[in-house]
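For reference, the structures are reproduced in the following blocks.
In the two complexes below, chain A is the common chain; its partner is chain B in one and chain C in the other.
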Partner chain A sequence: MTADYFAFFGLQPALALDLKDLEKRFLDLSRRYHPDLNARKPAAEREAALEASAILNDAYRTLREPIARAMYLLKREGFDIGEQTTKDVPPELLEEVFELNMALEELKDGDTDALPQIAAARERFLASRNEVDGEIGAKFAEWDAQHSRDTLSAIRGLLNRRKYISNLIEKTNVPD
Partner chain B sequence: MAYSEKVLDHYNNPRNVGSLDKKSANVGTGMVGAPECGDVMKLQIQVNEENGIIEDAKFKTFGCGSAIASSSLATEWLKGKTVDEALAIRNTDIVNELSLPPVKIHCSVLAEDAIKAAISDYRAKQTTKTAAEQTVA
Partner chain C sequence: MFQIEFGENDDKVVGIDLGTTNSLVAWMNLTKPEVLPGEDGDKLVPSVVSLTTDGAIIAGNAARKELIDHPDRTIYSVKRLMGRGVADVQDELKLFPFRIAEGSDSVIQVRLGERTFTPPEVSAFVLKQLKKNAEAALGAPVTKAVITVPAYFNDAQRQATRDAGRIAGLEVLRLVNEPTAAALAYGLDKRKEGIIAVYDLGGGTFDISILRLHDGIFEVLATNGDTHLGGDDIDNRLMRIALEDIQSEWKEDISHSGEAVQTLRRDVIAAKEALSFAPVVHLKFSWNGKSYDRELTRELFEGLIKDIVDRTLGPCRDCMKDAGVTPEQIDEVVMVGGSTRIPLVRSAVEVLFRARPHTELNPDEVVALGAAVQAGILSGTVENQLLLDVTPLSLGIEMYGGVVSKLIHRNSTIPASAGEVFTTGVDGQTNVLIHVLQGERELAKDCRSLARFDLKGIPPMPAGMARIEVRFLIDANGILSVTAKDARTGQEQSIEVKPSYGLTDEQVEAMIEASIEHAQEDLDAAQVAMARVDADGILAAVAKAQRDAAYDGLDGEERACIEAAIREVQAVYHSDDHEKIREKIDLLNEVTRGLAETMMNTAVRGALRGTHV
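Moving on to the complex of A and B:
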């Protein structure tokens, strides 16, 4: 069964959500669909409530997280959010990625001198991700105001970039 | 999926691994990456400024066997070619030579992009150099 997560919470599709309000709606609906409160209802209603509470949990998990929420909305708007096919590698990061790989290779060969370099790269990637998160936040507000497809395309590109940077951060997670 | 014999040969004995002085005016550096696999490829050419012939080529690639083989083969082909001839190298030539399967075609595209990037870096440097010389004169 497919349910529209935004409609499920009684919300208009939006990217910048008030999380306090979302949580309140979640708690209200949780109560409404709770098995204990539906125990004395007819079987069909009990089943419907159970199904609704499963959707509720999925919907809340998705809408609560900005990245998951954006992916959901992109899919809902007909964007292909599967594998990255376009070249969204941040060009200014390439050099850095190359150096990082060199350092990781040295480390694999037992050269621990590379560790500070890897730690420094990690810091820079974390900063880059913060920057991308800021840009994503701005685009969220832009889409909420205008509902433009161009904005969604830009968000998709930013999400790819963020994924790429996250993979790099993962790579730099080496034990001291 | 099995690698072709030629891919394995380049993977096990990569040609021309290393780097050239990227600050040198007759060295062009191309750095490209693929988001799908996180591959990153650096390819450099050293050009004889008198006759425009690529005298040396080096690469360093972090990626799968096909990406390494594609860039290794590219450096072999580049040596002895003029810059213009080098621009004519197509990724399909690499695909054919290495018998790359469809899922690995992007590796050859990466190598072609790296060649183009190295050449455009070299040309940009030459233009700057010429401009500087004219200013001095």
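Moving on to the complex of A and C:
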């Protein structure tokens, strides 16, 4: 349960990963650990293969997604990745959120005039998320080059902001 | 040593498609999967079970005949009840003549004549019939099987299927998802890379799976489906029309006569099947000297079932979305299940995926064939192929306020695991109750309750101090197990499991014993047969070893000892006492251990030399 996901794949901890290479490692390790290919071994080995196979799948799921990978690395480096704080949210967004909530209220009351405004807000949130993703990508490269805790701290802030924006996008996903 | 090396290879692992309407058993005949027919020559064993008036249980074709003569003693489509509670199946009860016994709570009890059975027991009778067919066809005992389940089956439904296997005397080596099995059967591994969609519309369930193929590895990307959608629903549509027609023509409601309804159902199914090959058919039905004849055009039929076919398309789109693929990216589409013979189903699939679906293999057989391939993978006779399947539903635990916290998301590759730390909320609290659920909804009441786990024996301490690490593991069968340990002491924590639906381990054990009692002679005979198979194995292996150079290296006494042990095995070979045969096999195994080790070491050295060159 405490296995190091990077070590499991024979990799050094890194935030920008070559996904083709990761997939190849995953498939090779699957051929080694999958319970189906260990079915005729003694019970203890079967048990161990099941454990290893579960960890392999959990690790692959975590490392192949950039956000999950970054969260995992932060946790591994001792960062607390609990609740987001509003300090990570840009002030101009807070204003947008206020207006969005008003529009959503109106929609709830049956006023469909608010729909274009919600759609426009959604576009802006999607654009901000793209922007954040770009920044996160740059920070990934920065951390991989020189393992600095300041970079990780910045990534944590960006991840919180991203989560906040994603929640907003979710909110604007109203049926037509 | 020889026993381990050679004896186990003699065990034949069969692949079983335990279907809603029909079931089949298949095996790997050298390199090719093959369906094994029953003694009557039929490959399809109807999933029908009947209790005869003299108290015997029959299954398959014999039982299907009883559907009309003794509908109250006969049951079909029991797969619809597997792993479900009485409250879940109320809709089914309106359409299917299940007789649920009074007092069934978390486990349904169905009545056949004067006896009651749980759905796994009923399914076990079908499995026993398949086991018997396979043993007769192969001339050897069959004790291990791969059984297929709909991909969208939840934990309780999977457990119920595994229980059925155990009750039938089968060691269930793997539950494999039907659509994935079908992909194996098609031998699509010939293609190095590609994306495959498997559309599986069976008698009672619908599954869609999307797989990516990489060099022999079938990686399921996503799966979706509906465990209550299938050919039965189409039959019910036609039944309703026919019953209404008959009511108005004959001024008689025949729907209360089980016998009449079953006869009509048979005729409706025949008309439906004929419509796949002809544009117009006649639905003919005679009862008590009256007859009914109605023309059915394909056009009318298609209008009637269009919404059922459309209901399969939503899960297909969701599945593509989850898999992150577009219709253009799908290279091959495989069709599974009898209902995919319907032209409207084929054209809907073709339009959706923009690809002509594969229909070369018999859609009734393809799942069983795939199960046999999987059996081959497990027993090592099929190499370079591997299935990486996923869990169809998210797994979560209930939090305060009835909200579900998801631990393992749907479409995660299995085996999969997740850990969670629990603590106490009150000073001195010694147990913690964990409610585990499956489903995609936010609230526990909208998800499927799997079980309640009671963590017991927590030492009393102030609230929030205890740290119990709980690990949830979904194995390659898609079945959950839970372990817990005290994070402070590292000690395993005891857990009491109360499954929400289905049988406890004790109940399954009791059923296995009951079924053994009923069939003690069968079991004895099977054990004797198995012991003889093992005796054949070791005698052949030792005979071969006697021609090896290592044998010449033994001294005279050792050789005499081995020869004596061979004679002892031969002497008891034809006795009916399997324990005596086993005893002599073990003796022979013991006296040849040194020889086997010498040979093994030589072989290993040879192999190592080979790899280093």
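Criterion: the second predicted complex is superposed on the first by the 174 of 176 C-alpha atoms of A that agree within 3 Å, B and C clash if a C-alpha of one lies under 4 Å from a C-alpha of the other, contacts with A are read in each partner's own complex, and residues count from 1 in each chain.
Note that in this section a contact is a pair of C-beta atoms (placed from the backbone, for glycine too) under 8 Å apart; a residue touches a chain by one contact, two chains touch by 3 or more.
Because the structure is a prediction, the values reported are computed rather than measured.
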{"item": "Which superposed partner A:Ser30 touches (first chain B, second chain C, both, neither)", "value": "second"}
{"item": "Contacts of A:Val97 with chain B and chain C, given as first, second, both or neither", "value": "first"}
{"item": "First (chain B), second (chain C), both or neither touched by A:Ser53", "value": "second"}
{"item": "First, second, both or neither for A:Thr62, with chain B first and chain C second", "value": "neither"}
{"item": "Partner chain(s) touched by A:Arg40 [first = chain B, second = chain C, both, neither]", "value": "second"}
{"item": "For the chain C and chain A complex, residues of the former touching the latter", "value": "8, 173-174, 214-215, 217, 219, 374, 377-380, 386-388, 412-419, 469, 471, 473-476"}
{"item": "Residues of chain A touching chain C in the complex", "value": "1, 23, 27, 30-31, 34-37, 39-40, 50, 53-55, 57-58, 60-61"}
{"item": "Parts of chain B lying in touch with chain A, wherever the complex brings them together", "value": "31-36, 38, 40, 42, 60, 62"}
{"item": "Complex interface listing, chain A residues touching chain B", "value": "83-89, 94-95, 97-98, 101-102, 105, 160, 164, 167-168"}
